[in-house]
Amino acid sequence: MGFLELVNFYIIPGIVLGSIYALGAVGITLIFAILRYAHLAHGDLATLGAFVAFAVVTGIGVSPYAALPVAIVATALVAVGIDKVFYEHLRERPKIITVIASLGIALMVRAVVQVIWGVDSESYVRGISRPDVYFGLRIRDREIYTVLAMLALVGALYVFLSRSKWGKAMRAMSDNPNLALLSGIDNKTVIVLTWVIAGGLCAAAGVFLGINTELKSMMGWQMLLPMFAAAILGGVGRVEGAVLGGLIVGLAEELSVLILPSEYKAATAFVILLFMLLVRPTGILRGKVL
Amino acid sequence: MLELNQLVMDFSGFRAVNGCSFKVDEGTITALIGPNGAGKTTLFNMIAGALKPTSGTITFQGGDITGLPSNELFSKGLVRTFQIPHEFHRLTALENLMMVAPNQPGEALLSNWLSWGRVKAVEKDVEAKAEETLEFLGLTQVAHERAGNLSGGQKKLLELGRTMMTDAKLVLLDEPAAGVNRTLLRKLEEKIEILNKERGYTFILIEHDMEMIEKLCDPVVCMAEGRVLIEGSFQTVRSDPQVLEAYLGETVGAEA
Amino acid sequence: MSTLLSMEDLTGGYGEADILRSVSLHVDDREIVVIVGPNGAGKSTAMKAVFGLLKVRGGRTVFDGDDITGWSPNKIVQRGICYVPQVDNIFREMSIQENLEMGAFLKKGDLSAAYDRVYELFPDLKERRRTLAGSLSGGQRQMVAMGRALMLDPKLLLLDEPTAGLSPRYMEQIFQISRDVRDTGVAILLVEQHAKQALAFADRGYVLAAGQNRHEGTGADLLANREIAEMFLGG
Amino acid sequence: SVPAKADVKIGLIGGVSGPIAAMAPAMISAAELAISQVNAQGGMMDGEQLVGVVGDSQCNPQGGTDAATKAVNIEGVVGMVGPHCSGAVLAASASVTVPAGIVMVTPSGTSPEITNIEDNDLVFRTVPSDDYQGRALARTLIEQGYGKVAVAYINNDYGTGLAQAFRAEFEAQGGEIAGFAAHEEGKASYRSNLADLASGGANTLVLFDYGDGTGLTMLRQALENGFFETFIGGDGMKSNAPINELGAENLSTFFASAPVGEASNSLETFNAAFTEAGGDPDAIFVTTAYDAAFMLALALEKAGGDKEGVSAALREISNGEGEPILPGEWAKAKELIAAGTAIDYKGAAGDHNFDENGDVPGTFAFFKVGNDGFEVVTQMK
Amino acid sequence: MEFIGLVNYALFMGIFIAIYALLALGLNIQWGFAGLFNAGIAGFFAVGAYTSAIITSAAADGRIGGFELPFLVGWAGAMVAAGLIAWPIGKICLRFRSDYLAIATIGVAEIIRLVIKSEEALTNSARGITGLPRPFGDLPYVESQAAFLLLMIAILFVAYLLVERQFNSPWGRMMRAIRDNELAARAMGKDVEYRRLQAFIFGAALMGLGGALFAHFNRSITPEAIDPMVATFLVWIMLILGGAGNNRGAILGAAVVWIIWSVSEIATDQLPHEYAVKAKYIRLFLIGLLLQLVLRFRPEGLLPEPLRGDQGASRREPKSSARV
């Protein structure tokens, strides 16, 4: 197999897929670190975001990129709302309770999507788009946008978290919520901020998945496990780790076909994860030990 | 009984213990004092098997115990308390003590079926002993409270209580007095003395309470910056100018 | 001298059972008040009650003219009370410097003067300010916790056993700092097991036992009371 | 006044939620089309209404047995269309319908294992076992001159069954399989799978998957990246989704096989009726679902609404002898049954002459994408 | 609807509840007592189901097994196999803390699922194994269901006694101590790794048994049965809702959740017939919502974990705790 072929059919798809995983994994890792639970409704929220954008695309006939901000804002609001209505009163309880609650939310969000938009596959744009060839590299515009958007969104988040006061406050909250409260940090604001970020990024993951493939009511749920693998792989609580983890999982899934029977593609993320946990239990970048 | 030989502990570049050696004789109560961050707790962690020394060796009753896991050390008769209480927070205070008792037949899966009678008999003894200990520590009213709900001082007492549940040879106490009411502390001192004299326990005691050290300990080892600064009787150590400077400060020193 | 904080007949606990039973105490401006008592007496609980961290079933807390019962903790901090809890009082996964920064979360503007002050008090911290607080020794953590509270120039400082685990030298120093801080106009309410030393430097003291007020008086008075000394102060 | 007559209930058990959520609704509405035709043309027996009770089998045995139990015991159905997924069929028949003596006709449980159920002649299917279709397709491809193909199949009983039967027959007929790989559903990218399959040098990809699921994703990615020239699907791929999403103009080299009746106007009749009812006649398994419901109704009519005789009646109404009945001809069939004349149902998906195991051999056609959807290229044997 | 229909439905629910209760009990050993966040229940369930299927089914071409041994042998084999497979998994995974362990075990379960789905020679791949013997399978419908239910109840009862005694013994206390504070437990002489592994294997064996019973009840096992939603997450919901750390809670949770799961369909079927398909989505919504409501009003579970050291009648009531 030639080098170009490797890049075109394994590396580039891997990076695009990885970028989508990364967008979801960043939210998962933040919720993990700050609120301290595994949020199992993350995938279905991504589905919701994708379908909100779909509604905008079909409703007013704009391109999915123009619909992206709407989806981000809407999903962020939904995430904040879900937290207020369902998770807030479980805050003082063992975290496992919220994990289970989020499973229920996953079912509810999916049901809403299925009732409103039905269960058929949809796409933002009908027809197919063939890639452009740059120096033998076959790349589509939408792939470039996916990767760039991921880098821009996550980059902005990274700067926000490390520079701004609220970014630090989020870390403090994740560290010792009681003491954060006693330091005058308004935990409610921090939590809202977390959900806005996680919900927004999650919608972006959904929309880009939809742009690159189709929209299905189960699309998010099916992405959940690889996104979790990516978050853990990168080190819990590490935004740049989640990106790295996402890219690794994406690439590994695509490359796995070269060595494993393809029915085991879905297992690659976990094989890597198990291996990494064995040699480096804190993730690639040192994450929190929960 | 215990011999530390050139122990070194590095934490990713930071050397917390830097070539520490001393011996502890059987039947003594050795004090380990030193400024905050001197490496005392780290030393305990190495002796008790919670940390693996970067280099150096530890011998206990003639055998090399360097790097052995703490559960094995426990069965050799080495018990420790934690400076920051490590209670089992969802167990009751009573259970916290009962679980410490060594060699309980009921801890093997099968014996709960094959020899339930014996399990129950042993359990009764253990419970009696735990209740006695709680009584002594003034914790009887909270015996059935979840340990996580105890006050800061009560948790420290529970730490100490655990060491009384076993037939230990060497007991490592990490600041048992911090946060403990002084009236109760005087009682504890008596108890430690009794355990030492009558039951033959050997103690190493990290403490910042000079009254307690003066009353109980000989010899006193003073650490600073990961090394042994000076070793000797309480009076010698206390009047050492370096110790005064680094550790005791003016007022306490002036009393001497 | 006017009353800064007053707790009036406060009753409440963590669950059903009352831990505090009609506890009353007050702190005046520029006063150092110490609470002593046996383990489990409810001293820490009394402090948490100021911050509304337990279910209050009776009584109220007034601070500087406002009834703060039921306020959210961050509002109370804004109002001018800083609190150093007895346990779990640092951000383990943040560096020393960041711990201090979080202490000053509500403060706007330049923090360098505040940092300098804390590092001056605890030079040990200065050289390791990039170290994660969770890897510090017991005493060092206590220093960080104290430093965090000092970042904000409060009107009232609540300290729960600030000297536990500190070397004699630092213990001295904490008391000294407390006096200095008081002299800059801050009132201090603290819980201490080093009761003799504490009562010796405090203006007033309370003895709490089994969730109730037992004695109250100036430090010297309490120290002079034989019964108190025997029962609570270690003879 | 006429005494109120009890309704006759049949269960429509399918994977409404869960992995085949996208396929189940069309199958259920096809079955409901049959029910509404029955009711519009005089109902059952003495004018009783036929009622379809929808149950969610979630495409797993847990859900399948649960839904079947409720249908049988709470709703009191006397026959059942479904479940849709083979695992649910196996479990629900063993623990519910066979012990309860209820006839089950699955429109889409294609696993060869269903053939072997010890069912007291109570389990039928209107869809051929994957064995048949895979072989038929293999022979057709050889006839059409495809000598070398790569095979991609979804890793479930449907895909595995078809792919293995296809491979056996294709190789036996002298064809060459230049790539044979399963894939998991629901992944976002299959380009590496495609690249790997293409590296075997075949120009034709045989894709056993679902046209509104992963199969669509794979087809899109293959077309966009120029892997393979020709695409052949099984009945799962004969769905409107690829045409809607990718455009018919891009699918000129896309073919699919699907079961059809010998009397091919059966299929047209159904297509017209289903389109009118707002359904998509090219959706997967709608013809089989319709046939299952219609035949169950015929059998119930013949058995007089009693569950005891349904199994025998089901065989009698379609054993190849008697007056032909096409989809939707309920009134006619009812009359003939009343008159005691033998009838033979000629379904949209085949003639459904059940063998001793309750299976149908199936007759298939080979479709291409034309301007108005799928068009028959040739019949398959 | 006839009375006998209701009875049949109740019998069926009873059987499922008993099977799920076994899974929940197994999980309770792991999570409720040892604090092990096993999110790979489906894996052990599958290993148990397939082992028993291989042992008891008739011989078939192209795959191993088909030994046609009695079902009791199959069930014992299921427990052993699930325990055996738990051993290496535990060895590797148990050193991870809580959430890491969860994702590691999910991963292992996914791998097991893919192997089962793909390896023809082992499990007949996607088609599954059929024709398993079912105890009392030859009786008429109602009798057969009733007899099977009785058998399930007997097994569940034995399992409950077994687990309950372990929990109330020093073993249980030790496990809970390890769950609360591993470092201290080790310092108090407990071999943490070994004990955790013990709990993990013990729990896994029960899950394996649950899988085997499920397979034999349906006379078949297919990969669709090991979907994470119904074979892992549902069990978690049961345990948490019932009350982690409480064996009776685990069983009660299994009953309540399964009843919600199953009866919710009857409820949403009340919607007009045009919505028959949408009703199924609404049903999922309803299940999710009910879950939220139970968690809101019984966040400690229906039967909270008892404070075990306080079981004596004469002892005073524990103060309720603010935080667990």
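A, B, C, D and E label the chains in the order they appear, each numbered from 1.
By our rule, contacts are C-beta pairs under 8 Å (C-beta built on N, C-alpha and C of every residue); 3 or more make two chains touch, one makes a residue touch a chain.
Everything quoted here is computed from the prediction, not taken from an experiment.
Colleague: Could you tell me which chains make contact with subunit A and subunit D both?
Modeller: E
Colleague: Treat touching chains as neighbours: how many steps, at the fewest, connect subunit B to subunit C?
Modeller: So the least number of steps between the two chains is 1.
Colleague: Based on the averaged CA atom positions, which chain is farthest from subunit A?
Modeller: Between subunit A and the rest, the longest centre separation is with B.
Colleague: Based only on mean CA positions, could you tell me how far subunit B sits from subunit D in angstrom?
Modeller: Computed from C-alpha means, the inter-chain centre distance equals 74 Å.
Colleague: From the C-alpha centre of subunit C to that of subunit D, how far is it in Å?
Modeller: Spacing between the chain centres: roughly 75 Å.
Colleague: For subunit A and subunit C, let me know how many angstrom lie between their CA-based centres, rounded off.
Modeller: Each chain's C-alpha centroid was found; their separation is 43 Å.
Colleague: Centre to centre, by mean C-alpha position, how many angstrom separate subunit D and subunit E?
Modeller: So the centre of subunit D lies 34 Å away from the centre of subunit E.
Colleague: Spell out, as numbers or ranges, the residues of subunit A touching 2 or more other chains.
Modeller: Those would be 114, 261, 263, 266.
Colleague: So which stretches of subunit C touch two or more other chains?
Modeller: 14
Colleague: Could you list which residues of subunit E touch at least two other chains?
Modeller: 114, 117-118, 281, 283-284, 319, 321-324
Colleague: Of all residues in subunit C, which touch subunit B in the complex?
Modeller: Its residues touching subunit B are 14, 37-41, 43-45, 86-87, 124, 131, 135-140, 142-143, 160-161, 164-173, 193-196, 230-235.
Colleague: Okay, in this complex, where on subunit B does subunit C touch?
Modeller: So the residues of subunit B in touch with subunit C come to 11, 14, 34-42, 83-84, 138, 142, 149-154, 156-157, 175, 178-186, 208, 210, 246-252.
Colleague: If you look only at subunit B, which of its residues touch subunit E in the complex?
Modeller: 48-50, 69-71, 74-75, 79-80, 82, 86-92, 94-96, 98-100, 102, 104-109, 112-113, 116, 119, 123, 126, 143-146, 148-149, 162, 166
Colleague: So in the complex, the part of subunit E that touches subunit A is made up of which residues?
Modeller: Against subunit A, subunit E makes touches at 31, 37, 92-93, 95-100, 102-104, 106-108, 110-111, 114, 117-118, 233, 236-237, 240-241, 244, 278, 281-285, 287-289, 291-292, 295-296, 299-300, 322-324.
Colleague: Under the touch definition given earlier, write down the residues of subunit A that touch subunit E in their complex.
Modeller: Those in contact with subunit E are residues 32, 38, 40, 86, 89-90, 92-94, 96-97, 99-101, 103-108, 110-112, 114-115, 225, 228-229, 232, 236, 261, 263-264, 266-267, 269-271, 273-274, 277-278, 281, 289-290.
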